[in-house]
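What follows is a set of structures to go through.
The same chain A turns up in both complexes below, where it pairs with chain B and then with chain C.
Coming up: the complex of A and B.
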């Protein structure tokens, strides 16, 4: 079965931005293609066009020399184009089999036979009759893949598939994808992780600002060359100075941190103990949903727990709320920058006023001191190179990177002794990621401490002095970052143990 | 199987001017809806609408009545805007109004026969405190026991009504009142000063205007107002910023209850002059419509209260001239809310028709 997919001069224009500018690409079965680009490069738009979610303004798609019209996701399915999205479309409370049978026209018995064949063929180990909520992210993704395989796809599009997987699960996924490819399924793999492109894919198309800037064989590429093509500039490699913290003062000591939640969707935290020295960065790795969000909220004071001791600069702060903790020079950058760290409907200067201190004088005698807040905001915008100087702009009009710079800037401009951040560069482009990383390294060099909770291991290896892994609400032992490898982290993140 | 595919999408860019113009559109649509109803009932729609919306305010007395009705509506709606802006759904302003009336009325009866400039301020203050206390019940239950404030505040309306009923029939009923369910007429010192001879418009309007100004100040110029705004937009952010959520719930309920209590005491010391069973024609409920029609904005609420007050007056004239029940007024109030919510939905979401398509999967 030979499949040939040709995209010819596809353009899609949104108000104020050209998402795809005459994109032409050719794909043939037997190979795995990477579609690489920063956020906003136009990858997602192109994929949405291929899966029928978005209609292009111009251009055509040919499948085996036949001009196909993709007006809806149904059209994509009819043409045997399968798609696995980054966010799963599964009903958590239904069983695996029920999820598969929902959009299948086959009879249940017939479908079960087919699914069992697929499971056997690709060595997937999934119990078809347990609710999806009991599955790990990797297993859920397999269910999505099976859903595509049921339809005998000619083309399989994977959108950022490894963002929620462990190292082990990622390897399993790659094995399966290679198998599919051998069987003649054309695979298009969308990512911004350069390593994956090199280890998995045969050809790579790099997109930038809506255009395809390069198509090449991955054998001819290196991480640096691909990164340069992606951002169009030479990426300075950021290196952290190795520090010795033996003689540093201990700034934070957490003992006996336990958290039990009544909400089944929250994770209980079990006996966490750790400490942090002045100028040190502690990285906490783990796959999302292992207690990171609860840990962050306990550190920020959004959740107050009984019997936990949090000593910060020799003061017990475990019962203080976030505003009170800020008075003691702590700062927080939560994961959800769009609806928690900032309010999209508020203007930039109003979002700045969210981080309010007694000494900031934003609100004197209970009255808003707009002038003061605006001056302060202007300072943040220029010091942290946010791409606007208009403090009256509603923050919903800032791009992800600029919004995150604003938030980090807001938290750091008060020179806190400790910054706690959770996935600080989630979903940002390389330029913004580098900026944030440099900033975080800088504060350590100035003797300020940080805790980075992140699901991105590269980020942690780049920023941390010590690293540990959170798994099912428990913390692994804390390791020196220089002794940690991605493989070790992967084992711990999957619940394994290392010596 | 065939089905009409409809997709609802959120709009990102809603302009401020259109946001404040949709209430005007809603009123316009209400007029059209009203015209159709009158036409179906066999009236000349233009004539009927004229009786409803023009005749009542074509003389000074009518204008004064308009302000008499708008005064409590505006006051309550202003109070409610504090609750609604911060995501607290106080539906029981009617109960807070009645309880404020009870407390204020009780104090007025206590001062029966007293003269002195201090009598009225004490009564007004006690009315406000009454409303406050009554509003604190749902607030405290919500903060400490996680109850739903919509249910609690609504149910408390009936508690207040029954309490008033008991008082005017029983212990507080007028000893010379031939067992009518009402109290004595308050002394002159306990009455709101009338502004013009022969008209009912009273000094309560100044309380309302002062409250509007004060609310604007609090909502837009103070830290408390900022916290209310943030909590209304995102509770997660309010928590992250470290705002004391519980304290704020209690504060907004207190403000809202105080306003409703003031409205109640303004009614009984103003146009009514005593306590009886029906001291409010559901002002507390209608004020919810006023608050939303005015976009929870102090100035907007002034205009909205005038419009909605007109439906009260219009219903009375329509009853006299067209012999339709006075509940027509509520029909109009309902239509205003209906059209407002409808146009808001279309303002914030767009609906796409994707045409007919076979559901073959």
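Coming up: the complex of A and C.
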């Protein structure tokens, strides 16, 4: 089965944004193609066009030299184009089998046989009769893939498939995709993760600001070269931090931090002790779910624990709530940008006002001083290069990177002495990650301290002066970052010990 | 008062009759809600069905036309709701409330000329068998065809949702209209159909009241039954069989408390009148406690406005 898919001069313009600008690409079966680009580069729009969800303003699609019209998802199905979306298109309350049968014209018995064959062939293990909401993300994705396979697809498009998968699930997925490719299915793999492109794909097309900027064989590419193409500027390496905290004063001292929870999904913290100097960055590594979010909440004051002592600038603050802690010049950037750090339905300036109840004159006699808040917000947007100057924009329309810049900016503009952040660059693209990292390094150089809790070891090694690992609610000994290697961290994160 | 066995049979027959409008309206609304649409206009659609059924009966002297007309009028007024919420994307709750207020006012206006006119006798089936079988006779026989339909409806609805392809599509749309649309399902068509079906069932429920249960027109004669039907759907966690149980309990306690009032028990009348509401909710909450089932049966997109990406 030989399939040739040609996209010719596809354009799609949204108000205020050119999502696709005369995109032309060629694909042939037997290979896995990567479509690479930052968030907002136009990849998702392109695949929505290919799957019939969105109609292009201009351009044509040819499948095996035949001009095909993709006016609806049904058209894509008819032309054997299968699509696995980043946000699953599954019905959570229906069973796996019901999800599969809903768009199949086959009889139930026939379909069940077919699905069982597919399960066996690709070694998928999924119970067909349980509701989808009981499945893990990896299993849900398999259901989506099976749904495509039922229709004997010629083309299979995967949109950011690994963003929700564990490492093991990712490996399994790659094995399956390579199998599909061998069987003649044309695979288009959309991602912003560079390592995946090199380990999985044969050819790579890079998109930037709606345009295709390069098409090449992955053998000729390296991570750096792809990153540069993707971001469009020579990234170089970000600047190295100048350490100047060695002789500075201690700013934070935590002793005897214990936390016991009745909730089985929370982790108990056992006897944590650490301190932090002015201008220092402490990195806390660990596999997620080992007590990081509890530790963050205790530091921020969302959880108040008994008998714990938190001395911050010579004051005992362990009983203070988050707002009071902010008044003592602590700042926090939580893990979940959408549900913890910002209210997506509120406008940018409203979100800015949320954590500044007292420090400024935002509120007078119970009334909101909109003008002051907006001026202040504009300052944050420009100082922290958020990609908009419209403070009236609802926060949900900001991309992840811009939202994180806004959140960090909101925290830093009040010049706090300590910033605690939790996975500050989770899910962001290279450009935004570098920006956030430089910002965090800058505040250390200005003599402010930071605690970075992160599951990304590269990030920690880049930012931290000292590093420790949290495992099952306990902290490892705190090490000088220059003596730490990724291997050492890996051992500690798995519960082993080093010496 | 003698408690002979036939009396209990008659009592049960009366309970069944009083629960018919609730079953019809609730089963209709259940389908609407399963597609993700929250139509709070049940009371309004019911009362429009009641007046148009009665008016048609008076004008045409044909009961069949009257029943069909009541369903059609319920359906027509639900089109207003469908147009507003599905095509013009208005808020479901506000639009539904407006529909109820509109229906009550409209029915009062049309009904002015029909107050005090006696109804026509509705044909009952198997009347001769009613007396011949002790106890079961009054329960099983001597009812209108609409009652038999109403008692079949929850089972049909259940079968439709669980075992048919169209039922599956309705549930899928209620779960996630966006996913359904991406799968090539015409969400608007499904939701329009479900809203219109719900409207027709509410119209039929109204006709049962004005043509059979109390065959006459009284202003505001639905008396909040539409709201009870709505509550039944939610407290029955969108399960048609539990809707039937809930409707019977409600009807049962309504009739029983009337008898208790007649006996002259020393319990405040207000408390007795409130009893059906309280008991129905308690029972339904108790039998619907399985949180897993609640999650599976609840239409995730209920009340959410859906619009298609262009």
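In this section, the second predicted complex is superposed on the first by the 271 of 499 C-alpha atoms of A that agree within 3 Å, B and C clash if a C-alpha of one lies under 4 Å from a C-alpha of the other, contacts with A are read in each partner's own complex, and residues count from 1 in each chain.
Convention: contacts are C-beta pairs under 8 Å (C-beta built on N, C-alpha and C of every residue); 3 or more make two chains touch, one makes a residue touch a chain.
All values derive from a computational prediction rather than experimental measurement.
Engineer: Check the residue A:332 against both partner chains and state whether it touches chain B (first), chain C (second), both, or neither.
Structural biologist: Touch partner of A:332: chain B, not chain C.
Engineer: So, A:450: does it touch chain B (first), chain C (second), both, or neither?
Structural biologist: Touch status of A:450: no partner.
Engineer: Output check: A:91 vs chain B and chain C. Expected answer is one of first, second, both, neither. What do you get?
Structural biologist: second
Engineer: Tell me which partner A:290 touches in the superposition: chain B (first), chain C (second), both or neither.
Structural biologist: The answer is neither, since A:290 touches no partner chain.
Engineer: Once the structures are superposed on A, label A:103 by its partner contacts, choosing first (chain B), second (chain C), both or neither.
Structural biologist: both
Engineer: Is A:55 touching the first partner chain B, the second partner chain C, both, or neither of them?
Structural biologist: In the superposition, A:55 touches chain C alone.
Engineer: Figure out whether A:72 sits in contact with chain B (first) or chain C (second), or with both, or with neither.
Structural biologist: In the superposed model, A:72 contacts both chain B and chain C.
Engineer: For A:324, decide between first (touching chain B), second (touching chain C), both and neither.
Structural biologist: A:324 sits against chain B, while chain C stays out of touch.
Engineer: Any idea whether chain B or chain C touches more of chain A?
Structural biologist: B
Engineer: Would you mind listing the overlap between the chain B footprint and the chain C footprint on chain A?
Structural biologist: Residues common to the chain A contacts of chain C and of chain B are 72, 74, 77, 103, listed in rising order.
Engineer: Quick check on the complex: what are the chain A residues that touch chain C?
Structural biologist: Residues of chain A touching chain C: 48, 51, 53-55, 72-74, 77, 85, 88-94, 98, 101-103, 131, 133.
Engineer: With touch defined as at the start, can you tell me which chain B residues reach chain A in the complex?
Structural biologist: By the definition above, chain B touches chain A via 12, 220-226, 229-230, 233-234, 236-237, 239-244, 354, 357, 360-361.
Engineer: Can you list the residues on chain A that touch chain B in the complex?
Structural biologist: Touching chain B: residues 72, 74, 77, 103-105, 300-302, 321-326, 332, 334, 336, 339-343, 345-346, 350, 353-356, 363, 366-368, 396 of chain A.
Engineer: In their shared complex, at which residues does chain C touch chain A?
Structural biologist: For chain C paired with chain A, touching residues are 165, 168-169, 171-172, 175-176, 178-185, 295-300, 309-310.
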